[in-house]
Every structure is written in C-alpha cells, then in structure tokens.
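Heads up, there are several structures right after this.
Next come two complexes, and both contain chain A; in the first it sits with chain B, in the second with chain C.
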Partner chain A sequence: MELTSRHREALTELINIGYGRAASALSELTGRRIILDVPKVDVFPVEHVGKALSKVLRGDVASVHQVFSGPLAGNALLLLDQEAAMLLNALLLDQPVGSRLDAAGREALIEVGNIVLNACLGVFGNLLQVQVTFAVPSLHLESVTGVLGSISVQEEELQYALMVHTRFRLKDSNVSGYLVIVLGITSFSRLLHELDHWETRQLSR
Partner chain B sequence: MNARILIIDDSGFARRSLRQVLEGAGHTVEEAKDGHEALERYFLAKPDLVLLDMVMEGMNGMEVLTKLRELDKEARVIVATADIQASTKAEAQAGGARGFITKPFDREQVLKAVSTVLTGGMTWN
Partner chain C sequence: MKVKPLPSTHSQELDAALLMWTHHLAPHGIFTTDTELRITSWNHWLERHSMLRAEQVIGQPLGRVVPTLGERQLERYFHDALRGEVKVLSSALHSYLLPFPPTLTESGFSHMQQSARVAPLMLEGRVCGTITVVEDVTEREWQNRQLRYEHERDELLSETLGHLLLARDPDALVRDLFNRFAAQLAVDTYLHYRLDPETERLHLESCAGLTGGQQAAASTLEKGEGFCGAAMLRRQPAVAPFLEKMVDPKADFFRTVGLEAFVAFPLILGDRTLGVLAFGTRTREQWTADELSFLQTIARYVAIALDRARQEHTLRVSEERFRAMAETVPDIIFTASAGGRFDFVNQRFYSMTNLAADGALHFGWFQTLHEDDLARVRDEWRSAVKSGESFNSEFRLRDTAGRYRWFFARARPIRGPQGSILKWFGSMTEVDELKQTHLALREAQAQLKEHAATLEKTVEERTTELRETILQLESFSYTVAHDLRAPIRALDGYGRMVLAEAGNQISAQARDGLDRIVRAAGRMDALTRDVLSYTKVATQQIELVPIDPAPVIEDVIVMNPALQEPRAVVAVVRPLHHVIAHPTLFSQCMSNLLDNATKFVPPGLQPRVIIRSEVVDAKHSTPGIRHRDLSGRKLQLSHGTCPRYVRLWVEDNGIGMDGLTQEKVFGIFERAREAKQYPGTGVGLAILAKAVERMHGRFGVESTLGAGSRFWIDLPPAP
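Up next, the complex of A and B:
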C-alpha cells in the first residue's frame, strides 16, 4: 500500500496545519515555544506500528490516547517520555518538577492531551469537511508495547495503518513528545478521497 | 454582574481552571463532573449560566444540553470544549446553546463570553 506523491503532499500540508494548531494549543498551555519536527507519514502493516513507535520512543511513556470515529476513525496519541511528562506537569500546575504523577498531575496531562489531540484532529475535520467524533481520552503510564495494546483497528479492516508522527520539543529544554495518529485502511481510503476534494476546493479559491 | 455559574466538565483540571477565572471575577461557581450530576445541580443551584463540556462519559454534552433545554427553556448554556470543529459549533447552536468557546481557555475569552450571554447576547466567535 503506497501513497502517491500528490497524496503525500496534500497529507503533509494537512498535517502541518493540524499539528501546528496542536503546537499552538500546547504553547498556550505551557507558556513555552514549541518546536515541531517535520511530520513523517508512513503506511505500515498494523503489526509493525509497534516496531515503528519503539524506534522513536524508549522506556516507559505517558500516553494520552483518544479514539475517534466517524468517516475518519482511528486512534490519536500524545506520547511523552517520563521527563517530558514531569516537566509538562510542572508547567501546567505551576509547581516544581516532581518525580511522579499524582492525581492532579494525571488529570492535567489528560486534559492537555485532550486539547492537543482535538486541536489537530479538529483541523482535519474542518478542512476535509467531515465530522470527527471523539471518545473520552485516557492516560496510560507504561511501555510503548503496552500502549499498543490499547490501539484498536477494526478487525474486518485490512491490516494496514497510516501512521503520522512528529516530534515536538519545548524550547530551551531537551524534553520532547510525539503526536501519533493511526488509521485503519477504510479510514485511510476515505482520507485520500477527502484529500482529493480538499485539493480541488483549494485550487478553485 | 456577579452570577452563579455551573461548570460541567469531567476534567477536574478544566473545572479548577475555570473556577479560578470566574471566582476571580466575582462569580459564584458550582461544579458537576458528569451529566447526571449536572442535571441535579442545575435544579438545586439554579445557576444563571452553564459552561458545558461536550465529551464526557455517560451523557455527553449534547445530551445534557438537550435535557437542560427540555426542562428549562430559558437555560443559558455556553459550550466550552476542546473540539474546534465547525460542525460541533453548529450542532451546539442548533441545540440551543448561546455560545461556544474552545480550549485552551484564556481569561478574557471566558469572561467576555460569560458577560455577553448573561446580558442576553450570544457568542459564536
């Protein structure tokens, strides 16, 4: 399963806008400048998503996971290594950096994940003119392998996933996180279809 | 105008943030963490205004909005959500909300929206 160069360009543009909005939201929440790497777009067999994620994140991670549904359905994840999670927690709650997340810290991270993931996916919904419906987000503190246990792709779908990921960093710090979106093949096909329509609308303005 | 405002959001972080802003401006705040608690609180506390999240376990925001409006046609509700989609805003408007603000909130945005709706206006920016 391959993306054409035209689809890759349109998708990259869409992601730039969505992730840019997500970074803007994160910047407002933390009061820090957020630096985004160029997003990477890959199509994998579903069983390889874990391997791909393990390449970019090691050890235990804090993940805010949000399932979304509608014409585009899948999983969105904000993944933070432990250091990033503690720093983000400290910035949000305006307190010194700690070594563990208490209940207030967990709540704060879930809300941040909710805002950031909605910012990104909401842009997709607006630009592609499809309604995306979000489930309640959840927070997990575990290995990347553990995170993958919570990613669901409908069994009746073909076994491919579109993974879009980018690293972001808080300026003046070494901490970073990842935004990951995984779509099953049915949604992936719908996404490509809507990208074509979006491009047509853009060109006719 | 100092008002009694009910915040309905399953996130304690969001409720605390809004409480800080609203109490700082002299309003009285009630909280509910889900739809069922929200309906109970609404009729006990009789707030002047509701700030309502959309994505919650159990009853979601639209269900709460519908129920509130069924039970009190004059209910003044501002949807306060992370969902920035235009379609969600349209749904909220069609459901009888009087305003729509998106997270992350800033103090001015929240207070302006509250003031507008309390004085009989609507806020959809």
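Up next, the complex of A and C:
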C-alpha cells in the first residue's frame, strides 16, 4: 500500500493535532515549554519496519509499548535510542544526564510515552468515532529486533506500520524518537478512508 | 488486554479470592470510582496510610477525599481514564498521587513517594468507572536520590580539584566552592585560616556566614586556641557536634554565632602544615559520616591547591629575581624548557642582534646564526637536549650592523628531585676577539708547518744527492785501490828481487833505501786491501740470516794466532744471544774488534778480552755514547722495525781513548793519537761501522784513556 502525498499530508496534520495535545500536557506536567514536531511520516509493510528503524536507531533502544484494542486494534510504540532516552529524561526531570536509566527514570519515560501514544491514538479514535481501549504501557530496553519481536503478533491479517519521526524540543535541545503504530490492513484502510472524509469535511467547512 | 476466560464454575470463587487479595493483602493502594468519580472501593493498604476507613470514603467524591488533586491538576487523569485511556503517573514527575505521610522518616521527603496507574474500569465493553493502583516507591526514590547526591558530590569534587589546581588564588576558589556546596550540604559557615609558621598563630584568610564583628573576633587564633587551633596542633580533624549541649569553653564562640555543629580540618600536605579549613551549620546538631568525608576531601584538595599555589609563587619570585639578575650581566643568558625551547633570553641578546622582543624565544635565536653554523648548532642543541648532556658550542651571531661575531655558548640542564630535566640554563659569551686571534694563530701555524715540510724536503733531496756522491766516491776508491795494487805489487816484488840478488853488492845506504821501498810497498798494499774490503762491505749485496755468534767468534780466534794464548786471552761468556746478521760481515766485524782489542795494549801486557751479550731496549742508549754513521751524522735509530737489540760487548785491557778520539774513531782513515806507535791503516773500525749499518745494527764505545775500551755492536735478535 502506497501512501499518496495527500494522505501523507493529512496524516501528518492529524498526528500534529495529537502531538499538540501531548505537548501541552507535557509542558503542564514539567512546567517547561515543550514542543513536539513531526518531521516525517512513512508507512511500511510491517516486515520492512525493522530495516527502516535499524537505519535510524543504533544499539539498544528504549521503547514504550502500549497495546490497544477495540474497533481500532494494534500496537503503539515510542522508540528512543539509549542516548536520546537519557537526554529526554534529564531534560524532563531537570537533572544532569545520567549514565543509566533507573527505575524512576524508566517510569517517567513510560508516562511520557503514554501521553504521546494516547494523544496520537486518541485523535485516531476521534476521527474514526470509535472507543480505543488501552492496555497498561510497558518499557523495554533492547535491540530493534527484540522490539519488533514483541509486536509481531500472530495475526492472519496483513500488518502495516505507521512510522512517525518525532522530535521533542525543550530547553534549546532536540531529542529525536520514533512513534510506530502497527495496524491491520482493515484498520489502516478505514483510517485512510476516514482521512479522506475528514479532509472533505475540513474543506467544506 | 485479553484475559483468558476461566471455567465458569471457578469464576465466582476466583473473583471472591481476587477481591479478598485486592482488599486485604495487596501491597499497593487500590481504589475504584464510578463514572462520576465517586469512590466505590478503598482497600486496606489505603486505610492504613490515609487513616481513613473504607466506610468513611466510599460514596464520597474523589475530589473531596483527596482535595489536592484539583489544585495539582491530577483530576484529568481520571477523566482520561473514563475516556478509555490508561494513565501512568511517575514519581519522578509527580512525586505522589495521594498525599500520605512518608514511610521512611530519614528520607527527608514530605510525602510518601508514589507511582500510580489510573485505568478505565470496563464492564461488558463499557467504561463504568476508574481503577487506580498506587505504589509506595519512597525507599526507591530515596536510594536514587542518595545515589544522585553521591554522584553529584563526586562530580563536584573532581571539578573542584580541577579548578583548584588551575586557580591562581585558591582562597578565592574556596569562597566560590563554598557557595556551590553550601546549600546542598546545609553548611552555613566556613573559616579558612592560614598558619604563620614563625608565630604558630592562625590568621583568618576568608570566611562566610559571619558578621563583621564575629569575623574580627575570630581573626587570629593563638597556638592551640579553639577547635581550629586544636585541629592544627593535633594534625587531626576536630569534630564538634551538639554545640548547644557542649560544656567545652571552645564551643562558646560558636554558640554565640548560632552554630549547632562545627568541624575543623587541618590543611596538611606531607609534613607541611598550611592552615585550617573549618565548616559550621546552624540547622543540624551533627554531621553524617558522608558529609564529614566529603568536607575532608574538600579540605585535602584545598591543601594541595594552596601548597601548589605557594610553590608557584616561590618559583615566580625566584624566577623574577633570576631575570633581574640576568639583565645585569654582560653575557647573553637564556633558559629553555626541557624540550629545548627557549623561554627566556635576556636583553643583551636583543641589544646585540636585530631580533624583535621575544623573537629569540622557542627556536627563534637560530635566525641570527651564520648560515654555515646553523645546521651544526641545531644538531648540537638537539642532541644535548635529547641526551641531557651539557651543550658546548661556538658559532657566529649576526649583530645589529650585520657583522657576524663569534660566541661561545654553554648550557646545562637543571634536574628535579627525580632526575628529570626541569629546565636548561645557559649563557653565550662573546669570544670574537679571542676567536680572531685564534684563527690568526692557526694560520701562522699552518704556514710554519708548510715551511717545515719544505725544509724537510730540501734536506731529503740534499741527503739523497750526498748519498749518491758517497756511492760514487766509494766506487771510485775501489777502482783506484784495485788499480793501485798492481804497481804496488810490482814495486814490492821488484824491490825484494833486487835485494835478494844484489843485496851484497850494493852499499849499505842503498840497501837501506831498498828496504824502505819494500816496507812502504807492503804498507801501501795492506792499505789498498783494506780500502777494497771497506768498499766491498759498503757495496756488496747481502742477505741477513739468524746466526749464533759464538762459533763465528771461535773461528776468528782459531784463524789468528795473535788472538791465542800465550799472546792473548780471549774469553767468551756463553751463551751468546743469537742475532740476525750476514755471516761474513759479522765475522769481519768481530775480527776487526778483536784485532784492535789485542793490538792496542801497552807493551809487556798480555791482552785480555771478554766477549759477552745482552738484550737491550731499542730506546735504550748508553749515556755518553754517540751513534754515528760514516758521514758523521747521528745514526737514525728505527724503533719501529726493531724494538730490541742483542748487544755484543768486546771489553779489553788496552790503552783506552779519550772522548774526542771516541767521537772520531769510527771514521775512515781515523787513528787514535795514542795508536800512532801501533801498525794499522785506520780503516778497520770504518769497515765495522759500515758492516753494522748494513746489518741494520748500531755500534759504539765506552772508554777511558789508560783503562781499556768496551766496544759494542747492537744487532737485531734472532727470533
């Protein structure tokens, strides 16, 4: 499935809306102005996402993983390489950059991931006018292959991955991460279909 | 979240068991609300920590039970949960969800640290409320904070050390440093004292947290006074907690300034005592071990930095003194780093050369070197720096007028206590005049040498010419002697014939005349024979072989009755050393020597001759003896070809001779005045001299008039 430029633009805009929500929540939480950017959005068959991630993330990655179910079902992940995770943590908690992620740090990262993932999926749910149900988020520190192993659920259906390059901007620093949402083809087609509708609604307004 | 459905028969029992666990045993706080956020359950853990029983809170709105939620904007997490989202509240970002008292009193937290999950409560696919799980993470957070503090302190310490070691004024740094850690450690006061080594008093250098009046009161401490003095005296930290309760009079001052606990560290480095650094707090009664160790480390670093700064100051002062001195001397003075870069050159260098100020530094001075000296001097300097040996060199430097002047440079390394080179110290002294004189002298010497060489060559040429002349003369005399013998024999023969046949018929006067003719002819014949034998010795080709002198001498004696008893006694002291010689020439020499030894003896005295040998060193020459060749030149002794000789002595009891005679006796036709009454031609010793010379030997005589002669010949020893 190829993403048309129109779809890509619409998706980017939609995610931006979710990120705006997440950013304001994060800013409120930390008392500092935080901006979330979307430099790039891509869609791959799920088998190709590993290759695409290996190009941009090196070594072990910290991933906040959240399963969602209901009419819109799949896996959502926020991936940061170790260095970025450490930096983001230090910036959010206003601490010096550490050398390892302690329990409190991991928990904070889960909360941040949770906010970003929920915000993003929340706007999808709103668009599709469905209730998205989430599982408790978890954090893993492992290689990209390990991360993908945990999401390749044995579904009969063809799986697609929406890969969103995400940039956290705070305190004159940039931290890059990747939001990956894995959806079945049915959910995905529905999402694109609704995107067309949404666009039309936007234009007719 | 998928839950595997359990068999229905067990379902109710399991639900009851789960509820029981959740309510009574779970190590977390768990509560639920309905969609209006009214509390529907409140477990035992929450009862215990909130001091609110379940029946007190169930049915109550969450916002009323936990009023702070609203002001902390946490209520919307519950609203999000009602929309189906699972929310996470991390302790790092929120500290806590429910304001409970801390479980760990020493942690210093105002509330129990919590992490929480707020999730929608689902019933048949619908959200019917929220469920919240609260976890106590106080201990974890406290440990993390301790770790972070330790880490920060380590960082602070290492950073401090770096700053202290770089700081010119460590005292200013102590002040700065204090401001950085004071808040973290809740330290309110510090006092930095400097020790006056002469009076042993402590003088306050700087401090913080004291009023002007208090500072003045603490400005000088006598030896051993107060906690600081005590710390100094004992060279041990003085820890003073619970100042309020202390009866020690030392505590009085600190109590008056409002301190609760105090600690003084002596600033010690090796055996050097520099002062005291002390800290005080107004908020706590005692120090923790961690704090003491941290403060002690700070004190140690400060001591190191102070010592270093002091040493640097001393060094700077002595360096300045050195530079001032260096400007007063007339020489060029320089210092260089261990690596050979010039780091100081005195003014004299710049006033002499055209280099701009500091232009000689590093390797800049090379620019002023004469191009012919540059490579050599650079190599010499480089190798001196590399080997650490003294640098000694001469070179030309271009002066302000562009003229090159000679300098003598000398540099030696100054070594540290471990033997490593700290610096090079050197001087350049102008030696231009000296050098010019030296050069002139060398030129004169060269000329003289050349002249001497020319002279030697001339002498050589003249000698060769002379030799040729001698050779010509020798061959001429041979011819003359040979040709003369025939008429002499005729004279002798015919004279004898006339005497034999007509001797009786002629007058006695005529017979006497004939006798004289015959005798004269005989003498003439002997003379020509000797001359012939001399020239033969001088010119014939000879081969030198090892010989034993004894049998040769034996033969000479046997052949000549005049050498035998009773006419003479010739004794040979055996064994004689073997020599390298020509047998015939050697025999001739011995024959001549023995002839002379037995001939020149006072009448009526039996000649006694002793022949013996010894080995002499070539350099050895008997005092008073002149070694001469036939032309009267001093013999050239060749030490190189023959380091030792066999010396054959022929000692007689004859008439002897005076010094003058000894000088001349080896010359041809020379006869001793005293020998006039003895028959002879005056050629014998000349033959000997020539023969010995040709056998590469030496000869001589020791004699006293009237006391016999000791002739000797030196010949190379047989191997």
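As a convention for this text, the second predicted complex is superposed on the first by the 149 of 205 C-alpha atoms of A that agree within 3 Å, B and C clash if a C-alpha of one lies under 4 Å from a C-alpha of the other, contacts with A are read in each partner's own complex, and residues count from 1 in each chain.
The working rule: a residue touches a chain if its C-beta (ideal position, glycine included) is under 8 Å from a C-beta of that chain, and two chains touch if they have at least 3 such contacts.
Keep in mind that this is a model prediction, so the values were computed, not measured.
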Contacts of A:V67 with chain B and chain C, given as first, second, both or neither: second
Touched partner set for A:S173, first chain B, second chain C, both or neither: neither
Touched partner set for A:E107, first chain B, second chain C, both or neither: both
Which of chain B and chain C A:S54 touches, first, second, both or neither: neither
Most chain A residues touched (candidates chain B, chain C): C
Which of chain B and chain C A:V123 touches, first, second, both or neither: first
Which of chain B and chain C A:T145 touches, first, second, both or neither: neither
First, second, both or neither for A:F134, with chain B first and chain C second: both
Shared chain A surface residues [contacts with chain B and with chain C]: 28-29, 92, 104, 107-108, 110-111, 114, 118, 122, 125, 131-132, 134-136
Chain A contact footprint on chain B (complex, rising order): 10-14, 55-57, 81-88, 103-104, 106
Of chain A, residues touching chain B in the complex: 21, 25, 28-29, 92, 104, 107-108, 110-111, 114-115, 118-119, 122-123, 125-126, 131-132, 134-136
Partner chain C, residues of chain A touching it in the complex: 28-30, 66-67, 69-70, 92-93, 95-96, 98, 102-105, 107-108, 110-111, 114, 118, 122, 125, 131-137
Interface residues, chain C side, partner chain A - complex: 1-2, 73, 80, 83-94, 115, 117, 119-120, 122, 127, 137, 140-141, 144, 147-148, 151-152, 155
